[in-house]
Every structure is written in structure tokens, then in C-alpha cells.
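These notes open a run of structures that come right after.
After this come two complexes, each holding chain A, first together with chain B and then together with chain C.
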Partner chain A sequence: MSTPPTTAPLVESEEPTQLQKVARYLINHPHVVLIGVLIVLILVTGAIESNYLSFSGLRNSALFAVPIGVLAAGQTILMLTGGIDLSAAMIATGAAYVAANQSPKGAAIAIVAGLLVGIIAGAANGIGVGVFRVHPIIMTLAMSGILLGLFTSWAQTIFSGSTRMGDFIRTLGGGSIFGRTLPWAVIVWAFLSLLIIYMLRRSGFGRTLYALGDNPVASRLSGLRSWRVLVAVYTLAGLLGAIAGLLLGGRVGAVDLQLANNFLLPSVAAAVIGGTSIFGGVGTYTGTILGALILGVLQSMLTFLGAGQAIQQMLYGSIVIGLSWLYTRIAAAQ
Partner chain B sequence: MTGNQSLLAARDVAKRYGPVVALRSADLTVEPGEIHALLGANGAGKSTLVKILSAVIPADAGTISVHGRQADIRKPGDAMAAGIGTVFQDPALIPDLSLEQNLRISELDRDDVLPWLDRMNLSHIDLDLLAGDVPLAVLRLLDLARALARDPQLLMLDEITAALTTDQADYVFELMREWKERGRSVLFISHRLGEVLEACDRATILRNGIHVAHLDLAGVEESALVTAMLGEELVEKVEAAEEEPAVLLDKEMTARPVVLELKDIRLRDRVNGVSLQLHQGEILGLTALEGQGQNELFQVLSGDRRPSSGELHVDGERLSARSPYDAISRGLAFVPADRHQALLPQRSVRENLAIPLYNRARRWLSLVGDEEERVEQAVERLTIDVRAGRQVQRLSGGNQQKVTIGRWLASGFDTLLCFDPTRGIDIQTKAQIYDLLREIAGTGSAVLLYTSELREIPLVCDRVLIMYAGRIVGELPAAAATEEALLTAAHGLNEEAAI
Partner chain C sequence: MTASIQETLVSDSQAPWRRWARRHGWTFGVWILLLVLIAYYATLIPRFGAFQVASIVNNGTPLVFLAVGQAIIVIAGGIDLGVGGMLVLSSVTAARLMEGQPLLVALLIAVGILLAAAAINAVVAWIINVSKVPDIVITLGSLYFFQGLALAILPNPAGGANEWFRWLFTGSKTGIGSNPWPAIVMITITVTAIGWWLGKTKRGLSLYAVGSDKTAAYLSGLNAARVKILSYAIGGAFAALAGLANTAIAGRGNANTVGGNLTLNSVAAIVLGGVALTGGIGSVIAVIPAGLILFFLSPILTAMGVDPNSAQVVQGVLIVLVMAVTGIIEWRRRLRS
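== the complex of A and B ==
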């Protein structure tokens, strides 16, 4: 459709009411809302169980948030391009499984082997999506099935043997520095967070992720070669999945093929809560971090209330659906 | 009130897409038993009006009456029930279904359309073919047969003849006349003024979304229609430019090095052997009626599509682009007409301007050091209003268009390929963009400019090529590029302008 000249005003001239101003401020600063929600949840949880409002109580929530936050980092960077990784939990499990199996050979080999699982599976996802144009949902769902099959059969053959994580990885996943105060896992997560926030805000690669998700046609006409971006970002997401798997496996100690099963939905939920659009082009990792922390507190609250895994998963599912609807409404209203 | 007898009366119909006004306030009255032309330049709002009348899109304001009674037309089915049948500008057939399956979706049988296909000399067509495998012209005629099979009171034809050969178009005119004899009406949209004058009784002319004239076509000259369609507001600027010609002499230009050369470029049946040379510092205009292969030609030049045959040379070396990246890295920068193809709507002005800088992986690790300065320079040079710059989609159309050009100022280029860069923007911004193009050419870059704004060609171009049916059919120095000369050549009629 061609369009005729317009002299339409740039900015609406109507004076907004006080309420509209507040609403607009909150819509433009979603992190303020998320921090508010986080604080309210912490206080509510404290009201349910007064012991929670202590260092160790909050520490538990943070520890639970770590694998979600790291997995959700992968989901965030993929969702920015309009993609998603449904194999993230399986990649995490596979990486942890291989690392546990290789642990007798030393921490370095175990970690490298575990991360390689993520890099290889992620690169395969990237080639499928970027080069062969398979839809991300199909590609990563199928990859998840393939990985489960592979590791199930390998568990009896090439990966029979140790299912216990080595001490170094266990310290990383569950240990703390300064006595029992600061968990190593949180330090690792904080370090990764800085890298990812830098990447999204201050790097050319970050720019290409947002561009590709916002308008693939415009990106192509600007000279972006989407397959390169996609192979790189899916590989990076695979690597992040593997890191999440190692941290989770290190915390649990013994690894089985159900290790990260329950973390797929929360990893998507954390990104969605943080305001990352599943349609691409919009989102920040800061938001996702807050989303992961909110889920960590929620998990503590549900545990105190005696709600099991089943109820938690239902809640995560409802959150994803509800917020996706809400954000779409807000975007439409703008 | 005469509206009581009218078959169709639309009053004050308005439509805007976000900040862009497609129709300001359009009136249209079609009487029973007439063939009524709806005329206007590209972007005047013709297709928007047709889509509103057939309820494909809702109007923002206005009333529509059929047979004097206000019609409540909310969805396409309502329009059909009210007796309005439409053949849209683009074929409304699903490419992965067979022709017969497509008919069945519209609740029609092959027996319903066969008599009409017969009249268009298409009775032999195999209805089991997939719609995607059938040539465009046949699809257009099938669309027409489908519309006729519903026996509408008012048949609306949006640019149906653009893709048809002369004999196919003649079948359409014959059917239109027959429809009129039955006391029914036709609303006919075409850029070919000759056929409009021949076939139509009356005309409504739209300009910039407003009806500017309702004419009886008996005894009207083509030039009068052209004036009514294009308006007078730029005459002063044209006259000023004629006094002080910005163009270089032909000899001087041909002595300059050729930066871009096309040798017999072909693409399917859309581009049929285009050769041209673009010189350093030259602004070469290209114009054509809609659908003459210009879109496809620019797709090839921008690296978006590979030509079926022919060669592209940049600075004397062959360019065989597999993607736009290859063309961009050889200095060809493409500005598409459709801003939706160029902009990252949810990202900032800065990110939009800087994005081509990051199409090489070696720049992925950080931001380009002078990104901010490059962006600021582009913003200043184009005077982009960045008050709403956090999201480009909140900018006005003119500012958005500036961003699509500013992107290449920020990232660098040798040759600018502009496809109708002033379509749908205000006059002030238009003038600004033309000044910028002259400035760019002044610094030694070259510009290939496709434009549908005929009267502005002498303002900005050094010479102009006219394209028709996938070929270059004429070349004129800018000084000789009057609207009449361009229009006749663009209709594929003028032998004198041909080379």
C-alpha cells in the first residue's frame, strides 16, 4: 500500500491525567514494576514463614534462581531474534550427565566435556534454524527428543560409569565463599549476567539480535546475514544451557536424565516475566534476572505452603500465558 | 437528493494507518449503468477506498449507501451481499491450492466461472493447476471470472489491466461494456489514461486522499486528467528549477567513469533485458507505471534476488550478489519505498541508523567507536526529528523515510539506489530529500532514482529512463522530461523517445 502525504502531529497534545502519567511511567519503566513485585513477594513469603526473612532464607531463593537465570539468559537472547530453545533443559541435563561421567578424569576435562555438549547441540540448533530455515520451535523440540534418546542409549554404553559430579563442580554449584555466606553459583551467575548485559547493550552482536527479531526483512536489506547471527546465538544459548546444567548438577551432586526437566518452563517464564517479547526485538536481560529472582522467591513461598512440583509447574504455565496476554495488550495499546 | 438513485454513494470516507493518512475525506458516487473511473497518482488512496468499499479494511469515518440506503458493511460477506464484487490489485488466490480448490473456497463451482472464462478465451485452462504455477495475467482474469460469477451490481476492478496483454485487456473492456448494458455498473481503476477515456463514462479523481474532481469524461483530454491527478502546487518549484538547471551537460557526464553498469538483466518474465550505465556523480532517474518490472529490477540491484541472466558491473568489476550483503559491501545502498521493509520499528533511531555497521562479524564484539558521531551527523544532515526517537515507529512518515536514507549516510556507500523515496511524504521533506540527493551526487557518488513523481524528475535528475513491460523504452535528458513526454513514453506509446 502506498501512502499519501501526512502532516499528522508527532506527539499527542492532550494533557494526560495523573493516573495516566503513572501508568505511562510504569509501562516505560517495567523494571520498577518487577522490583516492586519482587519486594512484595519477599514480604508475603516472610509473613507466611518468618524465618524466611533471613540471610539463609533469601540465599535459598537465590540459589534456586541461578539455574533458571542462566537458562533464561539463553531463552532471552533467542527470543530477541524471534526464536526459543525448547531443548535448553535437555542440553543442561546432557551437559551435566557428561560432566559427571568425565569427573573421574578431573575437573577441567569434565567441565570442557560438559560445555561441548551445549556448544554442539546449540550449533546444530543454529544450523537448523539459520541455514535450513526450520522453525525454532520444531528444531529445538526435535533436538530435545534426539538428545533424550541419545543420552538414554548412551547411559548404558559409552557413558556408563560415574553419575556423581566431581568436587570442584559441586563446590561451584552448591558451595559458598566466606564460610556459608556467598554461593559460588551466584558469583558465576553475576559474572555471566555482566557479560550478557554488556553484549546486549554495548556490542554489535547484540544490535544484530534485536534487529533480526524486530524486522528480518529490514535486517537482510541492511546487509545482515541472518544465518551467521542465528548459528552464533543458538550456539551461545547452548553453551549457557550447559553452564546451567553444570551448576544445577553441582548443587544436586548426583546426575540423572531427569535433572533439569522442571526448569524448561521457568526458563521461558523468567524471560517473559522480564518483559522479553516472544515475537522478538524487545527485551532486556536485566528484566530476565528479575524474572528469575521472582520465580526463586515464588518457589520458596510455595515450598512453605506445602505446594509440590505439580502446582509449581501449573503456576509457571499460568504466569507465561497470563503475562504474554498482558504484554500483547500493552503493546497494542501503545 | 440524487444519492437516492445512486447505486453506490460513499461520503467523507477517511482512513489512517497510524500517523499516515491514506484517505482524508473521499466522496464517490456510482450511478446504475455506468462505467466509472477512479483515478489518482500512486498513493492517492484509490486502493484504500476500494478495500474499504469491499470491507477488507474498516474505515475510520464516513458513510456508504447502496441504492440510497445506508449500508452496514463490516465484513467482506456484507459487501458481497450488498452486490459489490471486487477484483483486487493483487491476485486473491491461494498459491498452494489448485484453481478449482480456490474457487471452492469462494463457494463457487467450475460451472459458475466457465462461461465467463469462455468469454475471455480461457475455456481451455486446466483448473487442476496450482494457482502458484499459473501466470499472473491468467490469475487476474480468473479473479474477474470469479467476481462476475457472483453477479454483482457493482464490479470494482483495481488495476486489472496492468498485468494483461492488449488482447486480454480487450476481453475485459468487452465484458465491462456488457455489464453496463445490463444496467449494472463498473468502477474501473487504471493508470492507462487512454483506456480510461475509451472505456469510461465518468471519473472521480483522488489526490492525497481527497476527491479533487468528479468529471464527465466525454470530450475530456488526457492532459486535463493528468493535471487534475497531479495538482499544481509544485509548478513554481519546477519553473524555478528550469531557470537554473542543476543538470550537467550530456557530454560532460558521459566522460565520467561508469560506476554501475547493467548488461541485459533479465528476471523471469518481469525484467526483459535491461541495460544501463550510471556515471560517477550522476542522478539517473527511472520511471514507469506500476508493475512494469521496476520492483524486480531494484530487487536484483540490491542483491535481494539473483537475475535469471545478465551481468551487473560495479566500478568495472562483475558483481554476482548472493545476498544484499554482497551488494552493500561493493558500495550499493538500497532505500526501499516501503518503510516496513527498511525500519526496525521497535528500535531507536540510533540503532536503526547504525545497523549496517554490524553486518560484519568482526564488528560484533563491541560497538563501532565513532557510532555516536556517525549517527549524530546523519541526524543533523537530514534534520531528523528525534523527539520520539526511542522507537522509530513513533516517528512521522517523513522522519521515518529520512531514517531509511540516513542509515546509509551513517554507514557509507558509493551508489545509492532509491526506490520512490518520496512516496507518501510531505512536500517539505520531499524537497529536503531531493536536495540531499543532489548534494550526494555533488560529492561524486551516484544515485539511481526510481520515482513515480513525474513532475519532480527535472528537479533532481540528470537524465531519465522510462521502463515499460520490463524494458527500457525511452531515455530523455532531464530538461526534456516534461510530464506529457514521460507519460506517453511510460504508456509504451512514444516511438520518438525510444532509443
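== the complex of A and C ==
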């Protein structure tokens, strides 16, 4: 590819100043910056509303971060392969809807049915992207429309029954152990996080995702069957979306077809904040977790400030644009 | 639809009608499909007259404009997920500003909104150029930004529009009537003008050049960055025009309209209209019937006794199928070479 002449080359001076050394350190250790941002945000929020700096205040932020974090886990593993899932919110909604509908039949059936929604929709995404080479954005955007149409139609027919979540899922999404201290949802998220971090760092499958995203041609030439990896990773992302939907539905208690709508962009934003590159091959789930926590705190802050949905959407949109720009520049500088 | 330059060169030596079929076959086919669907629809419902035609054309207008905007951007090698947000933003701004204004003021407001939309989308394209982040990511951000801004401008469905302004898009001062002509004239003038510009002028052809091969276009002296900005500005103005049509039809603005779904419809329409998502190929004239067909799906399904919500499913499946087929053709071609 040619470089358009409009961009000035990055000028580097011979003698790095103290400031440049600090900048270099921070560029090489983005998680330090993220933790710093998180702490500053918590303190600022505490300054706005002094009650926030308490266990229950921080707990609320963490609870808000859970569905974002779980959805963003799916976005992270997909973005590593150069993909994205714009159907994640609809998968989560669909899974929660089916689980609520099947709740009268017992918790086990409800959960399995909900997770199946994610697995089926995710696998369909994977087949579209991996086998038929449809662009991930188009494939998942179309899947989102398909799911919305199907569920709007099914809500009046085959799933016309209960929209109330069963007690077990409600406990999982909104309940806590040790009285009202440690929420189950946070425990589930922590457990999933360990699995995903282990998978990305240690397992062959995890390393395959990095390889595929970093250089698809080289991975193919070294014997990787990319379509299998893509089908597997989209299915896994669908499953994670379904889990996020169950947790969210459990917290809200009753489900409707707008349940997870507002979580799609935050899930992409969390991965982008965490330093996962949309081009693929670069990113960690640890960064995404920090991104989700930052958004959780931001949500508390915006609530205290009385900022509505309008400001939030503009803010998330700006965060995605601004940070993807910043990270692309940092990657170019490296 | 995915005719490469090589094939186009070969086709020049073929019989004129084959060349015509190759060049305009898809456009022709989509128009025929629209007419067949309308004829089929006429047999499904008891009364088919001017009212039904007006209803299809008028209510399909926003999607046609939106899809034409998307087509221009995609032809130049981009893709704008933000067009749906731009439609909502333009629609609520118009509804808020136009309420109770005379026609002249309303028209001035409309021109102002179109220019502002072009300028805003030009900035989006500029950000894509400078940041080198893929179009899809930046415009995903702009989609939500526009949607949020729309919500800030008009938190609840409200506002209004001048009755003659409504007539301009719907042929009726109340938005419901049996007169499809103003909408037909509106679509014909704007889309033919932009189609002529794209296909016959040097500046317009530069969009095709950059869209089909950015590097080659750059090496032959085109400023690819400027062409992208131009395509986004025009596309944004068309999205805003779709928003104005939307306000004229509904008589008010609703910021809760989901822009993402509208974007999806615009992408579906251009895919059906034969515009290649890889850029450089396609005609805006074919996008008109494609947009109308996509809007038309839900009344047809209702008339057939099928849940109209299935229209969304059909649209989604249609996009995936077309993309899958073209994807496989492209992949096999690459394997062979």
C-alpha cells in the first residue's frame, strides 16, 4: 500500500528527554495507563458524589461492568482474528428471552436453551465469515437483523409465554453471597476471565487466534485451517454473548427485546480501550477487563451527573473513534 | 456484477447487445424484479390503485435516498455505518426547527441541514484519512455519536414540519394520500443528477477509480484522500435528505429510531442493487428499485399472510446470501490466479 503524502513523517529527536522516556514507558506498558485512568475516574466520581467511595458504590460499578466485560470477551477474541460481532447484543437479548421463556421448565433447561441460542447464532456467524468469507461486520450486522426479526415474530408465537427470569438465573445475575457483599455475577465473570486469559496465553487455540489475526496468509501457509478456527471462535463469542445475556436478564428480572441493546457499543469500546486492535493480532483480555471496569465507573459518574442516554452514546462513540485513532498512532510509532 | 476490468475490455469486442447486457443487466433485472413484485402484490390485495402505489413510493423514499448515499460512499471504496444515525439526526433536527415555520424558512432549514450533514460527514472521512483506522470502526463510532446527538436534540418524539414541505416528499399535506408524483420527481431528479455526475464527469469517475484501486488511482495522479472526503460528504447529504423525507412522512421526529437497523437496510439495498462492497463497481440507478423492493417486502409479506417481521429476516438472509456467493466467486478467482 502506498502512503498518502498528506501525513508528515514522525520526527524523532536524537536525545530523548525525560518526558519522552516516560512517554515511551507508558506506550510500552498500556495497562499501567489504564489502571491510572481507572483510579482517577474513581476519585473524580467520588468527588462528584461522596457516597460513591464506599463498598456499595464500587459494587454497583462492578455490577454494571459485568455484562460489558463478558460481551467484550467475545469482541476481544474476535478482534484478535480481525473480526467483530455486531450481533452480540442481539444474541444476548435472544438468549435471555429464550431462557426466561423456558424458566418454568426449570433452571437447567432454561440455561441450556439460552446458551444454545448463542451457540447456534455464533456458529452461523462463523460459517458465514469462515466458510463463505462474508465480511464480519456485514455478517454480524445481518445476523443482528435476522435475530431481531425472528424474535419479534417468535415473541408472539412460540415464545409467547413467560418473560420473567427463573429464580436461579435471577440469583446468578443479581444475587450475592455472604449477605449483600460479593455478587454472583462478578464471581462468574472472574471465573470466565481466568479461563479466557488462560486460553489466550497458554492454549494452542488461543495462540492460533493471534497468528490468524496477525497474518492470515502466513497462518494459512503454515498449515492452519482458518475456517475451522473462525467457526470455533465465532461460536465461542456467541456463547459468551449468551452468558452475558443470562447475567443481564437475571439482574433485570424480566426480559424484553431491547434488553442488551445499549451494551453493544460499550462492549466494542471496552475492547478498544483495553488496547485490542481492530486489525487483529494485538490485544489481551486483561486490557479489556480494565476497559470494562473503566466504562462501569464512567456509567456511575454519568448517572451521578444526571447525563442521559444521549450523552452516553455520544461519549461512547467518541471513545471508540478517539482511542482507535490513538492506538493506531502508537502502533505506527512502534 | 463483479466484472473485472479485463472482462470489460473483452466485452468491448463482443456484440453490442451483449455488452449492454453485461453493463446494465443487473440494473435492468432489479427494475424488472420490482415491477414483478408490484404486479404480484396487486393480485394479492383486493384493491390496488394510486393509493397503494403512493404508499410504496412515498414510504420507500427515505430508504432509497439512504441507499444512494451509501452506494456513493461504497463505490469510492468506503463504507459508512453512520448513515442511519445521520438520517435520524437530520430528521429530528428538521422536525425541531421546522415546527410552525412557513415554507420558505422550512426550505432554507432543509438546505442548511443538507450542507451541515455534508460537512459533518466530510470531517468523518477526514478522520478516517488521517487516523488510518478502517472506515467501519470510525463510522461505527459516528453512528452512535449521531444517534446520541439526535437524542439530545429531541429527547421525545416531537416537532413538526410545514405542510407544503410534507407535500414536497409525499404529495399530501398530511403525509397520507394517493399522489406518488412529488416523491417520484424528487427521486428521479436527485438520483439521475448524481448518477450522471458519477458516470459522466471527471470528478465523478474519480470515485470509481479510487474505489476500484486506490493505489493505481493515486499513481495516476488522483488525490485519493480528497476523493474519499468528497464521497462521504455527498453520501452524508443523501442520508440527510433521507432524514428530511422521513420527517415529511411522519410529520415529526423520533430520535428513538434505531439508526443501526437503517444502516443495515441501506447496505442490503446496495448489495441487491449490484454495488460491490469492495468498491469501484455499481450504479446508483439500480439502487432505486433495490431500495423500494426492500421497503416493499413487509407489505408483501403482510398481504401473503406472513408475519411482516419476517421481512427483516428475509433482508438479512438476502445480504448474507449475496455476499456469500460473491465472496466464493472472488475466492475461487484468487485461487486460480
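Everything that follows uses one rule, which is that the second predicted complex is superposed on the first by the 318 of 334 C-alpha atoms of A that agree within 3 Å, B and C clash if a C-alpha of one lies under 4 Å from a C-alpha of the other, contacts with A are read in each partner's own complex, and residues count from 1 in each chain.
Keep in mind that, in the parts below, a contact is a pair of C-beta atoms (placed from the backbone, for glycine too) under 8 Å apart; a residue touches a chain by one contact, two chains touch by 3 or more.
Here the structure is a predicted model, which is why all the values come from computation and not from measurement.
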| query | Of the two partner chains, chain B (first) and chain C (second), which one does A:18 touch, if any: first, second, both, or neither? | reply | neither
| query | For A:134, is the partner it touches chain B (first), chain C (second), both, or none of the two (neither)? | reply | second
| query | After superposition on the shared chain, which partner residues are touched by A:312: those of chain B (first), chain C (second), both, or neither? | reply | second
| With the two structures laid over each other on chain A, which partner does A:205 touch: chain B (first), chain C (second), both, or neither? | first
| request: Quick one: classify A:51 as touching chain B (first), chain C (second), both or neither. | output: neither
| task | Could you figure out whether chain B or chain C reaches more residues of chain A? | result | C
| request: Pick one for A:265: touches chain B only (first), chain C only (second), both, or neither. | output: second
| Who does A:214 touch here: chain B (first), chain C (second), both, or neither? | first
| request: Check the residue A:278 against both partner chains and state whether it touches chain B (first), chain C (second), both, or neither. | output: second
| query | In the superposed view, which residues of chain A touch chain B and also chain C? | reply | 1-2, 4, 6-7
| request: Please give the residue numbers of chain C that touch chain A in the complex, ascending. | output: 79, 81, 127, 129-134, 136-138, 140-152, 155, 214-215, 218-219, 224-225, 255, 258, 260-261, 263-264, 267-268, 277, 307, 309-317, 319-320, 323-324, 327-328, 330-331
| remark: Touching chain A in the complex, chain B uses residues 16-17, 19-22, 24, 42-45, 47-48, 208-209, 302, 304, 323-325, 328-329, 334, 336-337, 340-347, 351, 354-359, 361, 363-368, 385, 387-388, 394-399, 407, 423-427
| Which positions of chain A touch chain C when the two form their complex? | 1-2, 4, 6-7, 84, 86, 128, 132-135, 137-139, 141-146, 148-150, 152-153, 156-157, 261, 265, 268, 272, 278-279, 308-321, 324-325, 328-329, 332
| field | Interfacial residue positions of chain A with respect to chain B in the complex | value | 1-8, 10-11, 202-205, 207-208, 210-211, 214-215, 217-225, 228, 232, 281-282
